[in-house]
Amino acid sequence: MTLIGLLWTVPLFPVAGFLLNGLLGARFFPKKAVWVIACGAVLLSFLVSLGAVVALRDVGSLTPSPGAAVDARAHRVTLTLGSWMPMGRSADGSELSVDWSFALDPLSAVMLLVVTGVGFLIHVYSIGYMGHEPHPVFARFFAYLNLFMAMMLTLVLGASLPVVFVGWEGVGLCSYLLIGFYYDRMFDEKTRMSCADAGRKAFITNRIGDVGFILGMLLLFVNAGTLDIQGILAKTGTLGPGVCTAAALLLFFGACGKSAQIPLYVWLPDAMAGPTPVSALIHAATMVTAGVYVTCRMAPLYLKSPGAMLAVAVVGALTALFAASIGLAQNDIKKVLAYSTVSQLGYMMLAAGVGAFSAAIFHLMTHAFFKALLFLAAGSVIHAMSGEQDIRKMGGLDRHIPWTHATFVIATLAIAGIPPLAGFFSKDEILWAAFNQRPLGLLLWLVGAGTAGLTAFYMWRLYVLVFRGEERFDDEVRHHLHESPRSMIVPLAVLAVLAIAGGWVGIPEVAGFRNLLAGYLAPVLGAGEEAARAAPHAPLFEVVMMIVSTVIAAFGLVLGWVFYERRPEARVRLAESARGLYRLMVNKYYVDELYGKIVLAPYYALCRAAAWFDQWVVDGVVNAAGYVTLATSYTSVGFDTYVVDGLVNLAGYIVRGFSWVFRKVQTGIVQTYATAMIFGIFVLVSAYLLARGH
Amino acid sequence: MAPEAVVFYVLASIALVSAVMVIWSRNVIHSAIYLVLTFFCVAAVYVLLRAEFVAVVQVLVYAGGILVLFLFAIMLVNLRDPLGSRLGVHATLSGIVGVSVVGMILYVYSTGRLARSLTLGPPTTGGGGNIQLLGDALYRDYLLPFEIASILLLVAMIGAIVLARQKY
Amino acid sequence: MPVPASHILVFSLLLFSVGVLGVLTRRNAIVILMSIELMMNAANINFIAFSQRLQNMVGQVFSVFTIAVAAGEVAVGLAVVLALFRNRDTVYVDEVHVMKG
Amino acid sequence: MLDWYTRNALNIVTFLPLLGALALLLIDKEKKGLIMRSATWIAFADFLLSAPLFFLYDAGRGGFQFEFRRPWIPSIGVDYYVGIDGISLLLLLLTTFLGVISILSSWTAITERVKEYYVFMLVLQTGMLGVFISLDFFLFYIFWEAMLVPMYFLIGIWGGPRKLYAAIKFFLYTLLGSVLMLLGILAVYFYYPKVTGGTSTFDITEFIRVLGPLTDPVWLEMSKWVFLAFFIGFAIKVPMFPFHTWLPDAHVEAPTAGSVILAGVLLKMGTYGFVRFSLPMLPYATRYYLPYMLGLAVIGILYMLGVFALNQQGLYGGILQMINHGLSTGALFLIVGLIYERRHTRMIAEFGGLSSQMPIYATLFMIITMSSIGLPVLNGFIGEFTILVGAFRIPPAYGFSIPWLGGLHIGGMFWAVCGTLGIVLGAAYMLWLYQRTMFGKLDNPENAGLKDLDLREIMTLAPIVLCCFWIGLYPKPFFRILERPVTEIAARLQAGEAAGQTAALPAGAAPSPASAPAPPPTAVASATRVPAR
């Protein structure tokens, strides 16, 4: 029980780091102390996680204690720290309550190690990358980064949906803060979008997704009577298909927000406004995969609803293809990578949707390695290029920054799916699972394979434009060109190793190995896997498919090489002939503009309408009496002259009398009020007398 | 008609006329003088009603104290235009309202029941009046209200001083 | 007392009405205060008339109180008028209309 | 000692500010520092005196505690009767807490008529506390009205450029509401002896006990009208659409501390009124008007949605959210006030990039913003989530369908979705505000010299922030305190539901007096006690 019992400290170390650096860092600590605290906190988390994961291996020998439940069959240890929201009873008398509880099982173990491990590397990288920032900014950056780690770990470890939601919103907040980190800078001159705008866009888009997440939670809470994840999953059988489908779709909508799926992906490309380590950590390796993680977490719920599964698969596949096609035409190094991330996330969702949950997690892991590497290498490039991000102004960098170049090539090959690098195995597992889906298997496979080709193509394009060919930057930049410091290169190297070897834990069985990862995850995700594997198993066919997908990837690479290095004029001709499509891609299919028209414009209109309604209708009714009085008195002004001259006729006199009374009511002279009171008495008593018949 | 009745009607008429003059007169000083006249007449009516003590208090406090206060105030308030306009349209309207109310109340009186049931009883005993009875009532039954009234006067005095001070 | 009580009441009523009219029609705050005194006198007359009629001293006691209150009221009222005059340079109540709508 | 305290605590807490105000009157008004310090200490002492109530309150016992009762006007059955249950306890603490903070925040903001200002603040404090502790309708009404006067002056004297307009609008609106409420109170007051055949009383607990479960058709019909009378009184205070237009004016014009109190405490009184009176006393009418109430509640006021969910979770959330909203909105007004004090403008366009100039300010502002948009770990989330659970649990029978929208069912689910969307839109707005002021370039030279918060200013905000975290991380004590009162009210509402069914009125039908059944020959029903759960 030793280190597992300390599981709750895993998110707490970064919280401590955040508090120290956030409250005291900027004023009292030197820079070195700041990064030692920040990196140390994450390292401690990593070590404790590692110990806990090791201890989890012989879960059978663990003894339950109060507040710590052990489920040997599912390899799960659940720590309950205390009651959070005891909300009384539901209609049927069951206790509606939410606990602060954390759970460690193989699924969260994988995530835990990926998050803390990659997170630690990126923290180390940030020391060098942010090194030239002035001190308060430096401390603020590490404080935010630590807070993010804490929230991400809460998300991963949470054993009940609200605890997961704490992390879910927390990472959203950190993402907001870190995207808008340079809050005084402009991000996109063309659309006049500042970094703060980008952060807000990310946060709001995520919040829109959260509507789904919250509603899904509520639906489950009310119907299952609990929000404990295992409690819900145990009750999926009794919930009924309608509730399952609704809840699954709602949760998936939330996941769409966080994992940047259609229709909520628009925030992720703009999230590149943040510093590059942030893009690597949050918008590639960890946070954006939270949606995939939660979907896998709730796998039994999804499996109860074929419709929801299909929706997940289709949305994932479409996102993968759609984002990859946009990635073809981008010129900002980080935006290419961002669309690539969206596309890869679509892949993961596709995997989850076809029931290959462990493949989704596998791809999540390998993607964390190679995409973090890509971003960090890109950061190194940007660092070397004095902040330039436009790939049209790069080229020929391979001679100047060899380490960065080498790692970038590895990562590119890994994401393109070239064996035996990490990306190959995970991507292939997904494609194979997609192919076996019924009834859309072939279609999904085609989309997936096409995306793989596109990915290889645009990644190679990126590589060529950045590192090969002629140098397109000016002398000023050349003068400052330098390889990054060691604190940046070492993480690159470590990640490069992982990008090569990370996939070897999941070599498919057909190749004669045991799929280690799938086996490890089986206690949690096994049920879903069996469903996916119910399809007829044909080893030879699987090998053929593997070769086909490799060929497609290679074809993409070659095409990229031809178009961008060998025969650029062919590319120009192609772009000419398909100019309309090209423009669409460059402008990202005008989705942002569309959302502006159909979402934002009506929202602003609604706000304006509400204000107008308040100002004119509601207040208008209230002031109606006043307006009438005023109107009457205005008309009477004309008559006043006649009154003074004594030229009054009877009708005029009546009008004048009335209007005059009305206006006098508002004179502010006390005597008027007294007169009115006495007149009132007169009227009342007269009425009384008349009624009495006197 | 009994002599007392004659005296009463005469006094009442004087009081009413001078009261009208109080509000009619354009000069504030004149108003104050008419006011004093009204007060005296009312005091006399009190005597007729066998309320000698109150009559004396009336003369002392009203005619003595309050009027002096008024005169002081009038002199301190050095009006640019002492002859304020008297009858505006507003005043006419107020007058109409006021007179109608008076008329109405008179009408109520005249419908009878009140008038019959309230004829005054015989005068109280003794030439010395009823001051002793009044004293008993004031200082025995109504001692606390009496003391409170004195505190009220004290508060009013302090309040008046505070308000009227030049700088505060 | 040979005079019918109703006549005394009518006398008090008329005196009161004159006071009301004064309050309603005059602009000069001092005259308004005077009119209030008239109204109080009218009330006193009623008190005393009923005291006589009912052979009860309470009416007279109350009229004494009324006089005390009147004295206090005049003192404070005139002080207010003075303050008003000092601050706004007027004693005409229709020129003091901060409550104007 | 403790015994004496528990017996008199409410009187002490309520009237200490009033006594303090009287004491302030004796201080020379030129000694502004002394006045400010004394007022702060008085408010702080009041808070300290009220704090033990939180621990002494016996959450397991439920019911009204710390009761104090003396006959006051026996001839019409008015008692001086005070006492608190969990709901009023929390609001009482919120009031004393925000009282200290608002007074502390006024030190530099108020430079004119200092003495009068603090006197009014303290009197206001007594008025508000009185509203929350009164268990006698007459007493309640007196406090309810008394509170208006100091607030009126606070807005009217120390307010902004259009202060008179705002003050009068505020006063007239609320006065109109309370007059109608008085009508409702009188109706109940005169009806009560007819039921019991006994003496008249203004005792609220007695009304709830006798009239709550009453199923006499005459009463059921009458309760609808009483509900409407109460509704207008409370809805104006809440303020619910369409009675809300006084609020923006009042907020814009009021001084900072006034806004804090207004948003933090005054606006909670309407909701408190619904929870304390309308729901337990008029369960049938509440149920009857429910669809409309929900519709009005969902326009902006999330905690009303919780209250009218009429179940335990909804009430929990509604009351907690009242506290949360009080804290975070109060803090937001403080934050606006702090910047207003420095720059004398509230125009958003004037600011931008303050984050680098005033980091502490920016941080606190960020936390409060996050609290008000319902980020977990902070208080807003707890309230919102609980409310939404409550809304989700509104039975389908409480809703209605719209045929021409494909039979769209407007029930709990619909309202919960609306509420959730509202939260998101609110987030968009708050972030926009934050970004415009705090982020961007510091391009207005007038903002370059702005000072960050000093210790006193931090002291006004830090306690609120701590409370936000407390409620967000460990709200259990609050849930426990609310448990008994909330279950009791929920039980009464269920009983009311049953009453509606026995009276065989068409449930969920459009409210029209004509649909009432003819009264039975004997209009007197025996009073029964609701079985406590």
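Residue numbering begins at 1 within each chain, and the chains themselves are lettered A, B, C and D in the order written.
In the analysis below, a residue touches a chain if its C-beta (ideal position, glycine included) is under 8 Å from a C-beta of that chain, and two chains touch if they have at least 3 such contacts.
These numbers come from a predicted model, not from an experiment.
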- Item | Innermost chain, where centres are averages of C-alpha coordinates | D
- Geometric centre distance via CA averages, chain D-chain B, whole Å: 52
- Item | Gap in Å, rounded to a whole number, between the CA centres of chain C and chain B | 6
- Query: So, what's the distance in Å between the C-alpha centres of chain D and chain A?
  - Reply: 36
- Distance between the centres, which are taken as Cα means, of chain C and chain A, whole angstrom: 78
- Message: Quick check: what residues of chain A touch more than one other chain, meaning two or more?
- Response: 669, 671, 675, 678
- Multi-partner residues in chain D (2 or more other chains touched) are none
- Got the chain B residues that touch at least 2 other chains? 90, 94, 97-98, 101
- Listed by label, touching pairs are A-B, A-C, A-D, B-C
- Task: Going by the contact rule at the top, pick out the chain C residues touching chain B in the complex.
- Result: 1-11, 13-15, 17-22, 24-28, 30-31, 33-35, 37-38, 41, 44-45, 48-55, 57-58, 60-61, 63-65, 67-76, 78-83, 85-86, 91-92
- Item | chain A partner contacts - residues on chain C that touch it in the complex | 20, 23-25, 93-94, 97-101
- chain D-facing residues of chain A, complex: 22, 26, 82-91, 96, 136, 162, 165-166, 168-170, 173, 176, 180, 183-184, 194, 196-197, 199-200, 203-204, 207-208, 210-211, 214-215, 218-219, 221-222, 603, 614, 618-619, 621-622
- Message: List the residues on chain B that touch chain A in their complex, please.
- Response: 89-90, 93-94, 97-98, 100-101, 104, 107-108, 111
- Message: Applying the document's contact rule, which stretches of chain D touch chain A when the two form their complex?
- Response: 242, 244-245, 248, 311-313, 316, 353, 355-356, 359, 363, 370, 373, 375-377, 381-382, 385-386, 388-389, 392-393, 395, 416-417, 420-421, 423-425, 427-428, 431-432, 435, 438-442, 473-476, 479-480, 483, 486-487
